[in-house]
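Sharing a structure here in structure tokens format.
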Amino acid sequence: MIQKELCKIISQTEIATNIYELTVSAQLTREIVAPGQFVHLRVASGGDPLLRRPISICSYDRNKLQFTMIYRKEGHGTSLLTKMVAGMEIDILGPLGNGFPIEEVSSGETALLVGGGIGVPPLYELSNQLAANGVHVIHVLGFQTRAASFYEDKFLENGETYVATVDGTYGSKGFVTDIIKDIQFDCLYTCGPTSMLQAIAKQYPDEKVFLSLEERMGCGIGACFACVCKQTDDPTGVSYKKVCSDGPVFRAGEVLI
Amino acid sequence: MSRLNIELPGLTLKNPIMPASGCFGFGKEYSQFYDLSTLGAIMIKATTVEPRFGNPTPRVAETNAGMLNAIGLQNPGLQKVMGEELPWLAQYDVPIIANVAGSVEEDYITVAKEISQAPNVHALELNISCPNVKTGGIAFGTIPEVARQLTKKVKAISAVPVYVKLSPNVTNIVEMAKAVEEGGADGLTMINTLIGMRLDIKTGKPILANRTGGLSGPAIKPVAIRMIYEVSQAVNIPIIGMGGIQTAADVLEFFYAGASAVAVGTANFVDPFVCPTIIEELPNMLETLGFEHISECQGRSWKKHEQFAYHRA
Amino acid sequence: MSRLNIELPGLTLKNPIMPASGCFGFGKEYSQFYDLSTLGAIMIKATTVEPRFGNPTPRVAETNAGMLNAIGLQNPGLQKVMGEELPWLAQYDVPIIANVAGSVEEDYITVAKEISQAPNVHALELNISCPNVKTGGIAFGTIPEVARQLTKKVKAISAVPVYVKLSPNVTNIVEMAKAVEEGGADGLTMINTLIGMRLDIKTGKPILANRTGGLSGPAIKPVAIRMIYEVSQAVNIPIIGMGGIQTAADVLEFFYAGASAVAVGTANFVDPFVCPTIIEELPNMLETLGFEHISECQGRSWKKHEQFAYHRA
Amino acid sequence: MIQKELCKIISQTEIATNIYELTVSAQLTREIVAPGQFVHLRVASGGDPLLRRPISICSYDRNKLQFTMIYRKEGHGTSLLTKMVAGMEIDILGPLGNGFPIEEVSSGETALLVGGGIGVPPLYELSNQLAANGVHVIHVLGFQTRAASFYEDKFLENGETYVATVDGTYGSKGFVTDIIKDIQFDCLYTCGPTSMLQAIAKQYPDEKVFLSLEERMGCGIGACFACVCKQTDDPTGVSYKKVCSDGPVFRAGEVLI
């Protein structure tokens, strides 16, 4: 069930340029059911900014009742968030949405996890859970530049990890789509910029591919219809899915991206 | 003794707090958080004759102390609302106000006629003020005579009282209010959103796919208060006030201005518990201020003090 | 090379940033903080024929991301403005835009005729949109034909170009803009404040002695952007945009919408250095976004991309 | 000259119920010229709240470059202010306005200082400076209730101090105006609720009385005309004074209150 909770900040660290890792202590950790779910953060108590910010759950620990998020300092909301320090409380609504289906790949099979920039974080918990299930996990992570890259070492603990940077300052120069061309897999999970998701969906029309989408949100719980996308198979022209409550993870081909 | 119960045409309200149309879907999502029977009423999402997908995304953009939306009246259409959403809501002890939308007069009439017969629909809210639909709509909300005519026709076929939702995007809101009162409206709901826009700094283009959107949230509260203050002195039908309400104090401000009940929109997105929280806090706030009943607050900004003889403060 | 110089009717601007009328007095107070010659121009406080005390206090109230004011056009009157304020401002290398107000046509004409002859007044801003004055004024700002007539008469006697300041409190802003363009306006300034109100929780009464006031600040920015977006596509005269500007990014948003220069009002109260800070930050922001000159931003939200062939991004 | 400065908070303490004493380190202390001047505080960096808050300078130390304010937690702005802790920075505009004229009373003469509630703070620096000048200082301080009273001991160090509380929980029950009836003085300085100032001005039409006024403000520097009051002697009906820049201290009878 979705909770609204004032969560105490355990730690906040800038782990790469403008990339922050934020860990909170939260009862709502109990309710997390799959990697790829997200939470909605209220970064100011007044009206500036007014709306909550959707941030993915990067990893969680049911015993300690803690979870970790990784976010990029973008605009007003995330900038304010960077100012918060351990001990402060933050208003969190979550867990929200449906995560990645880990049961789609079995022990001994190969899962390919493809992350772009700030789409990388939710793949980390996914990788942990798949590896624990005996799945062979391959990671391909794309970043703008070396200074913005993070978590390569953590992913390496679970399996092969390839990094691409747009400017070539680290790993291979270029896009994740260049790297994955030569990799065999049973199931592909991906999260990142829409253009990357589109390219991947196009590249593998017949494979098992799961995408995590982003959309501007109002409520985050399915009530406002801000975050809808059209279903691919739509006889009436009015069928839709909500990214916040039906997603953010969809099977490729299910919705128009 | 309840300090909060209110009687309005068609509506016996446990308390005057209800979620605003479009900000609460058909209630399901919020039923995860609390018992919907705690609410005074529920204004359900706009219903049109046919199902509508609405506008392309992005459909929301944030502004200072507010947000823009251009959902475009997405809804499952009259049949599904009648067949699924309203029956589902019937499990709760809460009157429903059905928000009726359309592009042409016949649309409104078709929806109003049928939906007003649903057993838990106690009133209609005629949405003549949605800023996010291309065809029609706009004239209904800005030309007094057109609004009057539509109100009259809907009144003629509605099985329940009709509230008309006014747009703030007009030169003279009192004129609009009087016109729909003349048309037979049982009440007013106001305000709908102001028309606004945000541009992306990097691309220079509108953030909303629909370009413009409706501005809601605390930013518009002073405009809502001013309009309710003016209109409540000029008409003899009750007003359900809305626009930026977040707290119990905001609710009182709307009552002082002249509202007889209020709706909470955008704030539900910020805090899904906002309605029950306000309902819980109101009695204490009334007590502190020396009111025995919330109705004593109504119109206090302009009523003469003699009318408040029973008021202790 | 300057990225910021702009030419408008009557105005050769070092940069397109100017304080908005009523938010900067006649400049003296801000001259304590920085050299007024850094500004693109200065829009001085509304001037009327006779000195005016304005409204009783309280004259301001805070709102979410905004404020209400009901100053009521307090000013020392035409003679003192001509004899003292303008000569004092003449020590700075900065064009003055004189805001002209009144209750009846003759008032506007008297002030416009005389003040337009002051050597440092390079343009007039016809204030047909002040929401805080009881008599007159309101019709000028809401009835297109009345606005057109007034513009025409003022144009006939003004020694400098005439900009007309539009009120956002209208159903159809484009109609108003076209009317004053037809009346001969050389440019538009928009938007003036939205009419709003706040009530005191304890007393239930309006916080402002004038009851209603003009809403300004970041809260109204989306309304300003939308209106400038609409009007700039419908008229052929330039727009000086305003409404909630606080940062260099806000300035670009106004240019994208269709403004050719901007004014900063309320933000001066929050940060007296806001204008010079924006002027300093703009060139870097333009550089980062790939613009060689701020004029490339103008109308970018609606202009076709071909028109931006020279643009690198 | 007026400065805009990010000032570091040295300490903040709740010294009575909802009454906070806030000390900051500030270069602008150099510019303070008289007790009774005030500063304009920006309590949030975003737009909520938008406007600055006027707060009087309660005492200052030119050597340490520090000054102290005392404020009551009232609404949104002051509530946010209470959350700030030592080490944080706060945006201050000041010093503003004209303070109390200490030269109006000479060594050996008697000054009567009358404060009501949150009007008490600016009188403290005044008391210090008058006492240092050899003036005989008498203080009469009014509070709502005992729990909201403060600084009596500090004032006592400079001279006789009488306290009145509205509810009688401390000192004499009632208003300061009852106490001052029997006190002789050469000059009276007062700050507090408007009703108190009006009563005092009426009580002493022929004495030397200085009042510190409050008015809702926009700019705080004289530019917006939010805070004007009418001059008493006004042949034209349009003469005015601005509380922020001509005041907040006026001679009784100078302006209409």
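Couple of notes before you dig in:
Which chain is which? They are A, B, C and D, in the order written, and residues in each are numbered from 1.
By definition in this document, contacts are C-beta pairs under 8 Å (C-beta built on N, C-alpha and C of every residue); 3 or more make two chains touch, one makes a residue touch a chain.
Please read all numbers here as calculations on a predicted model, not as lab measurements.
Chains making contact with chain A as well as with chain B: C, D.
Among the remaining chains, those touching chain B as well as chain D are A, C. Chain pair with the larger contact count among A-C and C-D is C-D, by C-beta pairs in contact. Chain centres here are C-alpha means, and the one lying farthest from chain B is D. Per-chain Cα centroids separate chain A from chain D by 54 Å. Note on chain placement: the centre of chain A and the centre of chain C lie 45 Å apart, centres being C-alpha means. Taking each chain's centre as the mean of its C-alpha atoms, chain B lies 34 Å from chain C. Here the CA centre of chain C is 36 Å from the CA centre of chain D.
Annotation for chain D: residues 46-49 touch two or more other chains. Shown for chain B are the residues that touch two or more other chains, namely 64-66, 217-219.
Because contacts link each chain to all the remaining chains, their graph is best described as complete. Residues 1-2, 4, 42, 47-52, 93, 215-230, 236-238, 240, 245 of chain D are the ones touching chain C in the complex.
Contact residues on chain A toward chain D in their complex (touch as defined above): 44, 46-49, 76, 80. The residues of chain B lying in touch with chain C in their complex are 63-66, 68, 142, 169-172, 194-199, 201-202, 204-206, 211-212, 215, 217-223, 225-226, 229, 244, 249, 252-253, 256-257, 289, 297, 300-301, 313. By the touch criterion stated above, chain B contacts chain A in their complex at residues 22-25, 28-30, 32-33, 45, 51-54, 57-62, 64-67, 69, 71, 74, 76-77, 207, 217-219, 246, 266, 268-273.
In the complex of the two chains, the chain B residues touching chain D come out as 64-65.
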